[in-house]
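Just below sit the structures, each encoded as structure tokens.
Here come two complexes built around chain A, the first alongside chain B, the second alongside chain C.
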Partner chain A sequence: METKYSVIGKPTGNVDGMAKTTGEGKYTFDMYLPNMLYGKHVRSPYPHAKIISIDASEALKLPGVKAVITGKDVPGGKWGLWRRFRELCDQIALADDKVRFIGEPVAAVAATTKDIAAKAVELVKVEYEILPGVFDPLEAIKDDAPLIHEDFENNINATRHIEWGNVDEGFKQADYVREDKFTLFPQAVVSMEVHNSLASYDKGTGKLTIWSSTQSPYYLQLGLADALKMREGDIRVIKPHVGGGYGGKNSTMPDATTAALLSMKTGRPVKVVFNREEEFTTTEHRMGLHLAIKIGLKKDGTILARECKIITDGGAYTGLGATALYLAGIFQTFPYKIPNWRYDAFRTYTNKVWATSVRGFGAVPTVYAAEVQLDRAAKEMGIDPLAIRRKNLMEPGYEAPGQYKVESCGIVPCVDKMAERIKEKWPKLEKDEGIGYAGFAYMSGGIFNWIDTPYAYSGARVQVNIDGSVDLFTQAADIGQGHNTVAVMICAEELGIGIEDIRLHPGDTATAPVDLGAWGSRETLMNGNAIKMAAGQVKQKLVDLARAKLGENIAYDLVCREKRIYLELRPERGYSYYEMVEAAIKLNDGEPLIGTGHYTPHNKGMISPAYGMGIMAMKAKVDRETGLVEAKDVLIVHDCGQVINPLGARGQVEGSVHMGLGYALTEEMPNDNGLVLNPSINDYKIIRQRDMPQIELLDVPTYDPSGPFGAKEAAEATISPTAPALANAVFDACGAEFDSNCLKPERVLKAIREAEKNQKNKAKAKK
Partner chain B sequence: MKQELKFKVNGEERELWIDPKTLLVEVLREELGLTGTHWSCDTGACCCCTVNVDGMAVKSCSMLAMQAYGREVTTIEGLADGPTLHPLQQAFIDNWAFQCGFCTSGQIMAANALLNENPSPTREQIQLQLDGHICRCTGYNMIQEAIQDAAKRLQKSKV
Partner chain C sequence: MADWYKCPVCRKLSLEHQDLARHYLGQTDKKHKDWLKSKNLSYSHLITMQVTEFGNKGYDALAKVLEKEAAVVQVDVK
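Let's look at the complex of A and B:
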């Protein structure tokens, strides 16, 4: 197909490829500074306890120990990401009065070696008074439950009520109504690079530099400013390559605050690296929750009303859990038209490590319930599961009153393409095989501003030098999703040059304009727009100059393409890019060409400027003897607007399905009174190479007016449908129903027996 | 008490004095500055830290450095031929076989050992050999495609 673009839309290898395949690219984990100390935390063995005293005298006597700090040494106050609502900024650097989960840090040591730091931690004596704890959200809201944060009655951390239409009337008019209950388990993040930070404080200037494995240098700068009682501008955050984030590296965590505090105390660089057990037991995860859902439909399958109530297991602090609560409701309605909808959600504090944003942020558990319920309804009503979805799909311009508007919307052609392809792809199923469907959609960056940033949501600066080379500055965070490649592709396309002409300077708060970071699938659209605007300013200068030199009719359009600036209709009339750059800089009194760009969504509703969407089909096989479920094959039809880099987009989809399959089949975090029972990669089961199915990905391109070159998100949408598509495939294969995710063999066997019993009873009743 | 370790790393003879309980991964990263070998799980379960010892794929977190005495260790830094990338490295870039890249060194070094033994592995053989290598980003399919692509490139270069 002829395309009007020369860079975007073409499969492009990762610009960090050389760095990441040769070992030369440095992660924070790989950084060591001369004279550096190692920091390590003293952690609480109790889920809920008062701190009576901390005695560090023995630890301080150990040779090599340079400092021990406790909550008393923390100059700042509490912090959090919900800065618009200060009461939800509840995180603390080191617990001062009491601990709220097992593993909460109460003190930290700095020592010359890792081994000495570990020994010193053992020597810090902490006296606790144990308090009763609470571990389930339904227990936490009881009147006699212990309070985890004094100011939060019944341990309710946040609530959400969203409603449109007339839900009660919708149910009254429905021909078919059903209610279901689910319990969804939490999911660990498990970034391969653990949380770690290296801090270096300059006592002379009072300025801090910190290298950290973060998804958002700006959020870390804000969190540290609160924790350390410093000006944001006196803190420089540098994000080297990051070994994965998936939502778990948005919050400022104790690796960063402690490294900074110990560096300020000792005047030496300090590095804090969590070990894998600390990752599992003391860093954030996807929320677990109890859920009740009710749907009402017309005989023909049209959805008339839906109501959903959830109560989530929030853990000890807020993180981005309050946002997840909102998105859990909103994305449960996609990609369907639900005329009457009501959502009530409660997030409770419990004595566990807390829940936050994790890939598919909010959407994953509630979409599971909605998509699984839809199949149960379809089966009872005798409607084909794909047909019931087709009946209710959103269309371009669809609006949910007071919440969101969907501009580009390719979901109808996606489902039609799916229906066609599936006949060729899976014409016949084997015994005990089934096909499950699930629709999906996700935001291209969030509009909500709980962080309360006064800056634009994304910024970029382009500098074009005399030789035509470009320096591109932005705080946008590539944490593996491939945004560095997308960023230079967008810049190159706009300027009509190649990606090899651009040097990207990402993720440094001291040199680049603010970007809110990598969450909510926001970088392509939001940072892409900022980069396009910055490059566009320089392009305008070059075009104006070329136009003046050509002396052509002002109405004739010029384009920058393939390193030339020329008349669109008479390509032979023009100049080389390099010639124009040199001339423009000389005309500019020798100043390099600078373009600045920013992006903040306006008039786009409450949620997002644009939505990626589509439909997934999963083929699965059930072993009725062992209960083992095998995900055999996946088909996805996807609308992510104009694809910028097809390789990267495919990578994101594959990765989402992988993490979604873990949620579907193997990943859970059993917890005994606050203790995570499987805190290692041996015991926490991530899907492995042999268990990963092949994925066929078909695109339905659309153009979204909000996106750079029409692009939308491709990063997270496809995680949400994975688990329900799998559960629906098992339902299709053998009728087994599940009220949770994580279809381990014992759960599957139980559900099969239950289904067989129900079928027998039904047969009996018929007789 | 420190002991002397003599071994070959990426083609160079190395001699150093180490605490005998030091792990190979610690010597590579902290003594020799070869930080391309990563370390992720602490329990020998993720294979991030895989290097080649005498051509075999070995988890450098599960081997004492002293066990490498007199042997030849190759890390990700030793794979390219000067400025020319090894076909595995190039195929990983061309096939988008990594995202965050943290587990990539281990995946590539395991694939290198596999291709040395079996120059044209089937998809199933790749899955079997690399099954222990955890990747949270890619979903593995693009890694397997890259390894098969690299196998083809290697065979072409030998013809």
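Let's look at the complex of A and C:
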């Protein structure tokens, strides 16, 4: 395809791919420091209990044990990501009065080896007074339910009510109204790299350096500052390569606080690494919830009103759960025009590990319910499921009152392309096969500032050296999604050079400008804009110099491309990039050329500057004897603006489908009075490569004025439609309806039997 | 000048009783809950109604009480 770009839009291997695949690239997990100690937590066996006493004397006698800390050793206070609302900053480093979930840390040991640390943990004696627990949100809000946080009556952690239009009138005018109820199960994060941190405190200077597997060095710096009662600037966070985050590494977690506290106590570096069981039982996950949804439509399929109510199982702390509550509502409205909409949401505390932002950030369960309900309505009304979606699609400029405005919007051409392609791709279905559809959209970074940062949302600094090489500094976080590659591609495109000319210095709070981290698919748009601005400043200096040397008409435009700076319409008239850099630095009194860039969204509504969107179709086959569902084939038509790196974008889409398929088919977290029952990779079934369907990805390019070169998100949108597209395919194949995700064979068989019974009853009624 | 309704517990002002009820049920502190108890209302019951039934039943039930209880404040909206 013809393109005006030299770098972006070309499939590009990850800039750190070689380091990662050869093992040269270092993750925190791989790091060791001289004299390093190993930290390990003493964890609560009870979901809700008062701590009466902690006796560490036996543990301290064990040779090799260097320190034991409890809640009394924590100098700071509570922390959290909702810093604008301090009452929601409820996390603590080590429980000091009571525990609120099974596995909550109450103490920690530092020892010379991992084995000694593990033995010492068993020697710490903790006396508890067991309190009654509460594990379901509808139980948690009862007046006689035990209080999990004393200041939060009825265990209500956060609430949301959003309404526009006249919902009751919309339902009155509807020709068809239906109501459905769902229970959506939580989903674990299962990053390949577990939570782990290595802290080194310098007692001489009072400064802390910490290497951590985090999605946001800046958030970790803030969390540690609160927990340790230190200045942010005295804490240096370094993010090495990260083996996945998916939302589960936004919060400051006990791996980091404990490593820091133990290092401060011992004066030695301390490393804390969670094992896989700790990952499943004590780290954040996607929220479970009860949901009720109602839709009203005209005869022709036009949506007139929708109402949705949810109550979520928040767990013991807030994390980003309060934001997930908001986004769960907002993204349920996409990508459709809904003139009248009401959303009520309540997040409850329960005695479980807490729920937070996980890939799709709130959207996944509510989009499931909305898209499944739309298919049920379409079937009852005798309308084709793709046609009912086509009828209600957003268009460019669409506004949801008081919430968001959509600028670039390729959803109509996406659905039209889908309709064409589907006829060619799946002209005929086999027995017990069905096709399901689901529309989707997702933000390119969030506008909401719950962290209350006074800094720009993203910053970058570019330094061009005498040989033309570029040092690019930013705290933006590559957590496996490929942002390092996107960052250098944007920088290279703006300067008109190659990615080999750029050395990236990412994820270090001591050397790089603040970026809020990798969540909500924000890095490409927000950090991309900051990088483009920084590189653009240097580019302007080079262009000005070239213009002066050329002495051309001031109206003639110069471009930087292919390592040259030249007149756009007279490419032969210009200079080499390297020549201009050398001249510019000499003119600059020998200073390297520096550009700084930042990005903060303005006048873009409450949610995001731009939205990636599209439509997914899934072909699935149902085995009516066993209940086994096979996801056979996926077709996605996707508008993610100008694609920066097609290889990376495809990887993100495949990853989203993989995680979405787990949510659809196999992943859930059964819980017995606060105890997670499947805390291992063996028992918690993520989708294997061999179970992945074929994925065909078609692009509908658009240009979004908010994005760098018109780019939008590509990392999360396609998780939300995966489960409903699958459920809708099963519904299409055999009429089975589900009121939950995770279509395990036993659930499918039950739903098939129900569907058969309903069909027989309907047939009888007709006779 | 417009009539605003004042939350009986805090300084929140709303133009509609239902909106004031929404504010009220969004508060998580003891003071708001205690006032509900003093009016023989159950927070849990109101929330359960609001979240498990369609419509604004929880808010409407509280709004009816607030119609009698919320002080009217005149505010110059200019």
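As a convention for this text, the second predicted complex is superposed on the first by the 767 of 767 C-alpha atoms of A that agree within 3 Å, B and C clash if a C-alpha of one lies under 4 Å from a C-alpha of the other, contacts with A are read in each partner's own complex, and residues count from 1 in each chain.
FYI, a contact is a pair of C-beta atoms (placed from the backbone, for glycine too) under 8 Å apart; a residue touches a chain by one contact, two chains touch by 3 or more.
Keep in mind that this is a model prediction, so the values were computed, not measured.
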Do chain B and chain C fit side by side on chain A after the overlay, or clash? fit
Centroid geometry (CA): angle chain B/chain A/chain C, rounded to a multiple of 10 degrees: 150
Looking at the overlay, does A:Gly446 come into contact with chain B only (first), chain C only (second), both, or neither? neither
Between chain B (first) and chain C (second), which does A:Ile479 come into contact with in this model arrangement: first, second, both, or neither? first
With both complexes superposed on chain A, which partner does A:Gly315 reach: first (chain B), second (chain C), both or neither? neither
State whether A:Asn275 touches chain B only (first), chain C only (second), both chains, or neither. first
Touching A:Gly597 in the superposition: chain B (first), chain C (second), both, neither? neither
Looking at A:Phe346, would you say it contacts chain B, chain C, both, or neither? Reply first, second, both or neither. second
Looking at A:Met192, would you say it contacts chain B, chain C, both, or neither? Reply first, second, both or neither. first
For A:Gly507, select first, second, both or neither according to whether it touches chain B, chain C, the two together, or no partner. neither
More residues of chain A in touch with chain C or with chain B? B
Just to be sure I read the superposition right, which of the two partners does A:Asn157 touch: chain B = first, chain C = second, or both, or neither? second
Chain C versus chain B - closest C-alpha approach in the superposed model, Å: 35
Going through chain A, the residues touched by chain B and also by chain C turn out to be none
Would you pull the chain C residues touching chain A in the complex into a rising list? 22, 25-26, 28-30, 32-33, 42-44, 47-48, 50-56
Footprint of chain B on chain A - complex, ascending: 13-14, 16-27, 29-30, 32, 190-194, 241-246, 275-277, 479-482, 647-648, 650-651, 654-655, 657-659, 680-682, 686, 688-690, 692, 694-695
In the complex with chain A, residue positions of chain B that touch it: 29-30, 34-43, 45-46, 48, 75-77, 79-80, 85, 89, 92-96, 98-105, 108, 126-128, 130-144
What residues of chain A sit close enough to touch chain C in their complex? 87, 138, 141-143, 145, 151-154, 156-159, 161, 168, 179, 290, 292, 294, 307, 309-311, 342, 344, 346
